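Next, two complexes with subunit A in common: one pairs it with subunit B, the other with subunit C.
So, the complex of A and B:
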């Protein structure tokens, strides 16, 4: 009963925060509500025993992606605008989607009731160990490929936002390495009373 | 209704997915909100994968959701980079003008 109660609490919070993400006027508020939505889904994942994915969701989404969004929102000067200025055009689409969700919910709750109970599973290993068993063996190639995707995204973001300014003085390592002591230092013999003559 | 079933999670992920889609369709002004709606849609997919994985007692769904997480992070980085250069060139992020990206 505790499980179901906390599920409904977190699910209600998740749906409410998702709605607030879409309908708040200030983009900063949207990002903060997005953080709250991710946090609620983290709670849901931990509730059903998927701790590793839940914590990874918290670290990656809240710690990285949402902060990235927050930086961009605060960096850009965005006017606070209302969302819907011409809602009538989208009423048929909205009705279509509402029909689809209603049909799926009816199909699930009436015809296809799942009887699997979460309390019946007995796990020999913990969640992280289970994931680690397959992630580094069965999904080894996919794991490496996702690393390459992240590298590509990083390089792409740097290339896209990098501004080349020709006036900036850069370090020329080749010319630095090819200089010798003769180019820079000169030994002078100064006679008394004459001083240094400029060449 | 005394025990938690997969249906609960499926309906929840469906609702979150529909909210994300509605945000995409209804939003005509702000490009950053479109990226946030894509994140919400990916979150719905993640909820579905993880809950199915738990209730079917099969770990592969959770591994797949980690890959979804990776792709979502990459997508957010690239999308925000495009947003930043668009703002630098245009001075605004109005979505109605975005077809000028092609020239």
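So, the complex of A and C:
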């Protein structure tokens, strides 16, 4: 009873916040509603007993990704009217993606139900250990491949944004620390009437 | 009384038994900070209100409460009021999983350490929302600095936590403490201990990393526009976070409620006493650092986080797991 009630509560919140993500006039509010949506999906994961996946979702998406979104969106100077004007252009694409995801959900829930007796499976170990058991054994290749994809994406982003600008003065701490007084100052004895000889 | 309502009552009492001491110790920590700074700078510190000035912070809180709460006319009103509340709530809900003795904890969950990591990474939202909602230059710059800084140091905190977890083999905080019964992790993992304390300073925006509230360049950083109780909430949250990070350091590295040596007169003392003493020592280090070091420049801060701590912690994770693997010490 309590579980079912909480599920409907969080699911309703999730859908409401998702609608607000799309229809908020202000992009910053959209991102904040997106954070709420992530939080509610975390709660849903915890409700079905997948606390590890739920909390990882919270750490990665709320703790890092959404903050970077917010970071970028806060600094953009967006004209709200043009943003709302363009929204109709993306409707077909959005419907396409929604259709694909719906088809996946139907495929998974109707045609590919799990053969494992889930109840005994869940009781035997906590789900952090279960994920650890299969991640580096059964799904080793998939895990490493997704790691390589992420590494490539990271290197790509660095290559795209890292421009060498010779005009910028950078601090080289090692050379600063290894500098002695002799490198900077020279003591000269100057005789009257001669001045400094340039050498 | 039914068993459910009894359980709820006990739960609420338990929550109060954590929150009230934390809030009172925030007031005493502020007093301690001013006394320590005074002692370092050869001054007396607060010494008028109450015996030895110990009631000074309570007087300050009363003063803050009676002031007018100003709302900037161009701010986003809802988010402006919401941000300090969020910050304080986040710094208090983390206490739900902190075990102060082997039995006394509100919620003993399997993924306690991940929960703490998640909650401490949400902390940046209070700062960034406050900075944006104020609709003013200095708070905004403070919020941007804070977001970048806290994300950078979370990375190294994450790797430090992973190193500890490899040695323990469990995400449960009580298991983490109990595996330190014979040897505190601060000894074999000394470099990680140091990195964790420095990252904790950055994560709580304390000197020498208090760039989000850098007085010399940003007036007061992200809470420039805040006054009265909403400023008070930020202040409370900052110090509550300090106590939280100190407790986390004690749990991860200093053996929680265990005495330093397991011999008779020491292990007869209740565990909570050792826990509080250790938290107090770490807090004293926080204050000592504040009195000793000058503030970092922003590029130096980023360099330290990404170019020194990240490679160091990453290499240490590999070294630790390789060591445990080849000597067969990995927990099952």
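By definition in this document, the second predicted complex is superposed on the first by the 124 of 199 C-alpha atoms of A that agree within 3 Å, B and C clash if a C-alpha of one lies under 4 Å from a C-alpha of the other, contacts with A are read in each partner's own complex, and residues count from 1 in each chain.
To be clear about the criterion, contacts are C-beta pairs under 8 Å (C-beta built on N, C-alpha and C of every residue); 3 or more make two chains touch, one makes a residue touch a chain.
These numbers come from a predicted model, not from an experiment.
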First (subunit B), second (subunit C), both or neither touched by A:153:
first
Once the shared chain is lined up, is A:96 touching subunit B (first), subunit C (second), both, or neither of them?
neither
Between subunit B and subunit C, more extensive residue contact with subunit A:
B
If we overlay the two complexes on their shared chain A, which of subunit B and subunit C does A:70 touch? Say first, second, both or neither.
second
After the superposition on A, what does A:19 contact: first (subunit B), second (subunit C), both or neither?
first
Touch check for A:7: first (subunit B), second (subunit C), both, or neither?
first
One more residue to check, A:106. First (subunit B), second (subunit C), both or neither?
neither
Should A:58 be classified as contacting the first partner (subunit B), the second (subunit C), both, or neither?
second
With the two structures laid over each other on chain A, which partner does A:35 touch: subunit B (first), subunit C (second), both, or neither?
second
After superposition on chain A, the subunit A residues reached by both subunit B and subunit C are 52, 56, 64, 68, 75
Looking at the complex, which residues from subunit A come into contact with subunit C?
28, 32, 35, 51-52, 55-56, 58-59, 62-64, 67-68, 70-71, 74-75, 126, 128, 171, 173
List the residues on subunit C that touch subunit A in their complex, please.
79, 109-111, 114-115, 117-118, 121-122, 124-125, 128-129, 132, 140, 143-144, 147-148, 151, 154, 171, 299, 303
If we count contacts the way the header does, which residues on subunit B are in touch with subunit A in the complex?
1-12, 14-16, 18-23, 25-30, 32-33, 35-37, 39-40, 43, 46-47, 50-51, 53-57, 59-60, 62-63, 65-67, 69-78, 80-85, 87, 92-93
Contact footprint of subunit B on subunit A as seen in their complex:
1, 3-4, 7, 11, 14-15, 18-19, 21-22, 27, 30-31, 34, 37-38, 41, 44-45, 48-50, 52-53, 56-57, 60-61, 64-65, 68-69, 72-73, 75-76, 78-79, 81-87, 90, 93-94, 97, 101, 104-105, 108-109, 112-119, 121, 127, 130-131, 133-135, 139, 142, 146, 149-150, 152-154, 156-157, 160-161
